[in-house]
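A, B, C, D, E and F label the chains in the order they appear, each numbered from 1.
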Amino acid sequence: MSRSPLALRPLKLKTQVNRYAEGSCLIEMGNTQVLCLASVEEEVPKWKKDLGEGWVTAEYAMLPRATHTRSARESVKGKVSGRTQEISRLIGRALRAVVDFKKLGPRTVTLDCEVLQADGGTRCASVNGAMIALALACRRLQREKKIAAWPLTGTVAALSVGYVGGRLCVDLCYEQDSAADVDMNVVMTGDGRFVELQGTAEHQPFSLAQSQRMIGAAAQGIEKITRIQRQALAKLLPKTGRAR
Amino acid sequence: MSRSPLALRPLKLKTQVNRYAEGSCLIEMGNTQVLCLASVEEEVPKWKKDLGEGWVTAEYAMLPRATHTRSARESVKGKVSGRTQEISRLIGRALRAVVDFKKLGPRTVTLDCEVLQADGGTRCASVNGAMIALALACRRLQREKKIAAWPLTGTVAALSVGYVGGRLCVDLCYEQDSAADVDMNVVMTGDGRFVELQGTAEHQPFSLAQSQRMIGAAAQGIEKITRIQRQALAKLLPKTGRAR
Amino acid sequence: MSRSPLALRPLKLKTQVNRYAEGSCLIEMGNTQVLCLASVEEEVPKWKKDLGEGWVTAEYAMLPRATHTRSARESVKGKVSGRTQEISRLIGRALRAVVDFKKLGPRTVTLDCEVLQADGGTRCASVNGAMIALALACRRLQREKKIAAWPLTGTVAALSVGYVGGRLCVDLCYEQDSAADVDMNVVMTGDGRFVELQGTAEHQPFSLAQSQRMIGAAAQGIEKITRIQRQALAKLLPKTGRAR
Amino acid sequence: MSRSPLALRPLKLKTQVNRYAEGSCLIEMGNTQVLCLASVEEEVPKWKKDLGEGWVTAEYAMLPRATHTRSARESVKGKVSGRTQEISRLIGRALRAVVDFKKLGPRTVTLDCEVLQADGGTRCASVNGAMIALALACRRLQREKKIAAWPLTGTVAALSVGYVGGRLCVDLCYEQDSAADVDMNVVMTGDGRFVELQGTAEHQPFSLAQSQRMIGAAAQGIEKITRIQRQALAKLLPKTGRAR
Amino acid sequence: MSRSPLALRPLKLKTQVNRYAEGSCLIEMGNTQVLCLASVEEEVPKWKKDLGEGWVTAEYAMLPRATHTRSARESVKGKVSGRTQEISRLIGRALRAVVDFKKLGPRTVTLDCEVLQADGGTRCASVNGAMIALALACRRLQREKKIAAWPLTGTVAALSVGYVGGRLCVDLCYEQDSAADVDMNVVMTGDGRFVELQGTAEHQPFSLAQSQRMIGAAAQGIEKITRIQRQALAKLLPKTGRAR
Amino acid sequence: MSRSPLALRPLKLKTQVNRYAEGSCLIEMGNTQVLCLASVEEEVPKWKKDLGEGWVTAEYAMLPRATHTRSARESVKGKVSGRTQEISRLIGRALRAVVDFKKLGPRTVTLDCEVLQADGGTRCASVNGAMIALALACRRLQREKKIAAWPLTGTVAALSVGYVGGRLCVDLCYEQDSAADVDMNVVMTGDGRFVELQGTAEHQPFSLAQSQRMIGAAAQGIEKITRIQRQALAKLLPKTGRAR
């Protein structure tokens, strides 16, 4: 692949790809493909009862043959792996950073992120696509007059970044990810603040300088993703719901 | 919808839709969409060991938001429902009817049928699409010289049929299926023999005459599906592997 | 075994075999033995609430040593196999075909079908025996004045049929079942209509003519079973609750 | 019920009640009925490998409708209750007390104790019936020349005993058991030694004198059960395998 | 170890070892260490609802590395072993023998017994330590004026006893326990009555005389444990809540 | 609490607290207490077979009553929560950053981190204590001549840091953690490089400047923890195994 190490892989967002979901988006980042479906349910978790507030949660899952070799299906194994739960929790936290639960009202939006094809960066692609699905679901609530005020305070986007063979790279594909010394996943709001910062030394601990350079590269890449998200939403959310 | 009760819904087969699977097919029958991925693994179940033979199996699964309202994820519930298992077993049996396990050699082909959108007839669509994915996986084995002789003895196809409001219909969508008095799923080989015949009186027991008319209508519809399958495979499997 | 291929195995019904169950029947079809126990509970599934209607469901289970070699206990494995669930669902559907849920009133009858000894045809024996247990439970409800009108619209019976070594056979024992090319389970009402028709090509797809001959043979056998069921019930249900 | 508090309920042993099990016994103690099936498998647990020794284990289970009201099936709940496991372990320990594992050779005998009807004392009935099933399985091994020497060193039998309304009773039925202040289950060998002694104060702690009286009454009752077991086995095990 | 076979191992009770639990006690019996934590929750099991009564229950668990070699964690295996459940039930029963549920009021006390280090006798140590934790939790309820009258009718204590190499021993350590012919666990109230008596012949059935000697030795040892418990409680429960 | 926001809570390390574990350490950071036990097993995961290399893994667990209110036991619920798995994975990754698997040889060290009392920062305390337990286990391997060269390349330590009420704080207790706007967990090697950096905006996204200040404060605190770890190890690991 001839892309420069600091260039994103081609990013495509295809919206309204499911007849039933209140919001939907198929995102592609290079060969990674994630189907993000937002479901609105008119109920909230127990601990939210009587607060008049809503909730946003996510479930990430990989199809058994999303990857080079087939993995056993988690439903058949009878349990969800630690990795799957960890990513589901991350996506949920990321999206909740831009939701005003009071304005959302007493309902839950669940973002199902189904990885159809996995070539690295599936959790970041999930965040990026789920953001769109969530916004579309909110638009639908607005159109159906179920909500009075736009419940999103902005957008979030995520990008992986790392050092591969001593070189700083963004949007790592599977091959790069496997070879990376350090791997950092960064989630930021559209206005440039951090929501999650998760750096892990896979082989070599990293220095403060390296961490700063990774964070910087991630911020630049996320700016580009935010732009693409805004374009996609601009068409769909003409007046209200402008991403800030 | 103005289609005649004995007409199929629009049926589309899109092949090679996954980078990694040895064979893949996205099938659409009306609004029902199933992603069928064939995975080849160079091992066989225990009870097939030392026979030099292969095996073909299937796993059916519905995305949580494939339907009008979101269902809980089976991996999260920690178990596979009876319905899911029943359909997985049906798909596996259907495909095995056209496999020569000796010629397939000591390997397993797993057909993952992922229902992306469900509007009735998902088990039949799974059989129809998985048939294509299986054939493509076999072609790949052939090209890679892993098999000497074409391991499929033909094709299989499936169709639902039933009485809705006293009227015989084929390829029932969800709305028709819910209202049907009788519902029959038929699986046949491309040369017109039966592999599975599963009729269930949902509300009213049915007569011998009705059962014969349903079987007849299913046979006609399956002939059309077989034709579409053969066209799709003809392009892909130029000389060998001709579906009979 | 010298019985003619279209003759049933000896069929015995022993009723009231359990002190506690509202209805009970030990059925033997050849060496297959199933203990069928009907339990009445004064509650209904959630989705039946507020309809004033009842529900009928079934649970099939095989004792670990019902068969030639011992199988692991499903409770110990921590999950119910696909086969077990599939059969439980079939039995429930079969019985529901002759129940008037309005007349049954807001209660659930659960039919536990415990296979004590398995020599083929356990699902059919379960349907046949559970029918009797269900009728006895209804009689008890009637005697206790819990129901006003007889809630059964007739009887159901089931029979397996298949081609073994090219020859049409009914009521297959384990050995025949293992060798069968095709295996069909048929459930019919006492008045000759179909409730379930489940044919599966185990080794060879079957023709339309074969399917018709199997259905015909099953219908004849089921007529005999219905007669035996009626005799058993006639003694027990003198006036009301006559099976039609 | 007019039996005297220190009299056993009628005890019946019906042997060879299952076509497939290597040994089988249906035991009735009053209204309690347990089907005991012995299965021989030519393998041993991991920790017995390479010792040339055998193993004996038990699995106790109650049919969902063995009792006054239906209980949820443990396989459906996905786990075995603490009570079930505790009793399974007790039965296994009881039987192992009379097995010479060297003589049994490298095989496992599993005793499945299926409670068909439960009116108190199911664990004791299980021990008593499983003893017979085990002996029959050993006889079969002997006849098939799989073992050289008789592997049982004697018999075991079990009885419940307790104080109900201040009165010492043996072989408690469900109603007595529910009302008992103290409940003791005693397992003894045929030659009068103790294998298990499990006394539990359900409502009132008990005195040393009471414990001694309970143990005495249990010993007397067990003597009678041993006699019945020996008679049953005498017919079946003419020369060898005499219970001591 | 030079202690006499009828001497207890050093027994230490350290109370108030946890900041959050309503009552807590770290008990050491020789090298066995169990952390016993009492939690009060203002709710009762379903079947206690509307009775105005409380409930006491226990959960026993062993840390994976409490023993010589590490065991798999039960949460990771996804199920609680039979042994764990059996012991949890025993501890609960033992404690309930000295609780007046009316006086406790509609609340549940859960005794978590966490085995930090296991050198034999963990279930007895759990009972002994949980007794203290329970009493401390009651004292707290009293101080907070949640209960009007002292809800404990006395104390319970437990001790293991057995024959090792033909010699009667009490408070068996792991090495003795493994070698014991008979192993008996005895639970008694502080006033010398029996709550549980669980004797098991590990290798050799035991005689009536042996059982009596074991019970006698256990009673003597339990008297000493009761004394130590009372001393510990005397300091903490100056006036009310005196153990009888 | 009067400590300055950038001061650590009192940190205590008590080593060799378990008789059986190859290495053990009870760590206290304020009121948080974690028992860290290292178990050495002479086997490696499947995917490490034939590499001659070792592995290090961790399991984190919280006692049900480690917290203000009792939580259900994960073994009883039958599954490990996402949070528990996420933390277990983090601890394992942290420790592996300083292990030379070649030098460790074909064995696995499992670090069980049992949270006895939880007042915030349990994952960091687990890393800090497990580091000591791991080093002690390595020392034991060295003494037993099972390893030739010291397998640790240094030490790791972890600290939580965050903004509470707009103020930068380190080593957050539960109360601070609940109120924090941002929460970052940092794991560093003893020589000042990063292993993990996990920042999460709980309520408010954070700026680049804030992230840098948090990382700086964490680095300073970790330096102090490293010093305490080195002192503890210095006594125990006189010559070899010096933490760098």
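Keep this in mind: a contact is a pair of C-beta atoms (placed from the backbone, for glycine too) under 8 Å apart; a residue touches a chain by one contact, two chains touch by 3 or more.
In this text the structure is predicted, and so the values were computed from the model without any measurement.
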Statement: Overlap of the chain A and chain B neighbour lists contains none
- line: Co-neighbours of chain B and chain F resolve to A
- prompt: Same or different: at the chain E/chain F interface, is the fraction of residue numbers used by both copies above or below half?
  reply: same
Task: Quick one: report the Å distance separating chain A from chain E, using the average Cα coordinate of each chain.
output: 51
Query: Just curious, how far off is chain F from chain C if you go by their C-alpha centres, in Å?
result: 60
Task: Would you mind pulling out the distance in Å between where the CA atoms of chain B average out and where those of chain C do?
output: 29
Message: If a residue has to touch 2 or more other chains to count, which residues of chain E qualify?
response: 78-80
Chain-level touch network, classified as line, ring, star, complete or other: ring
Message: Starting from chain C and heading to chain D first, what is the chain order around the ring?
response: C, D, E, F, A, B
- prompt: chain A touches which residues of chain B in the complex?
  reply: 18-21, 31, 35, 37, 39, 41, 59, 61, 63-70, 73-80, 84, 110, 112, 114, 116-117, 119
In the complex with chain E, residue positions of chain D that touch it: 79-83, 85-86, 88-89, 93, 97, 184, 188-189, 193-201, 205-208, 211-212, 215, 219
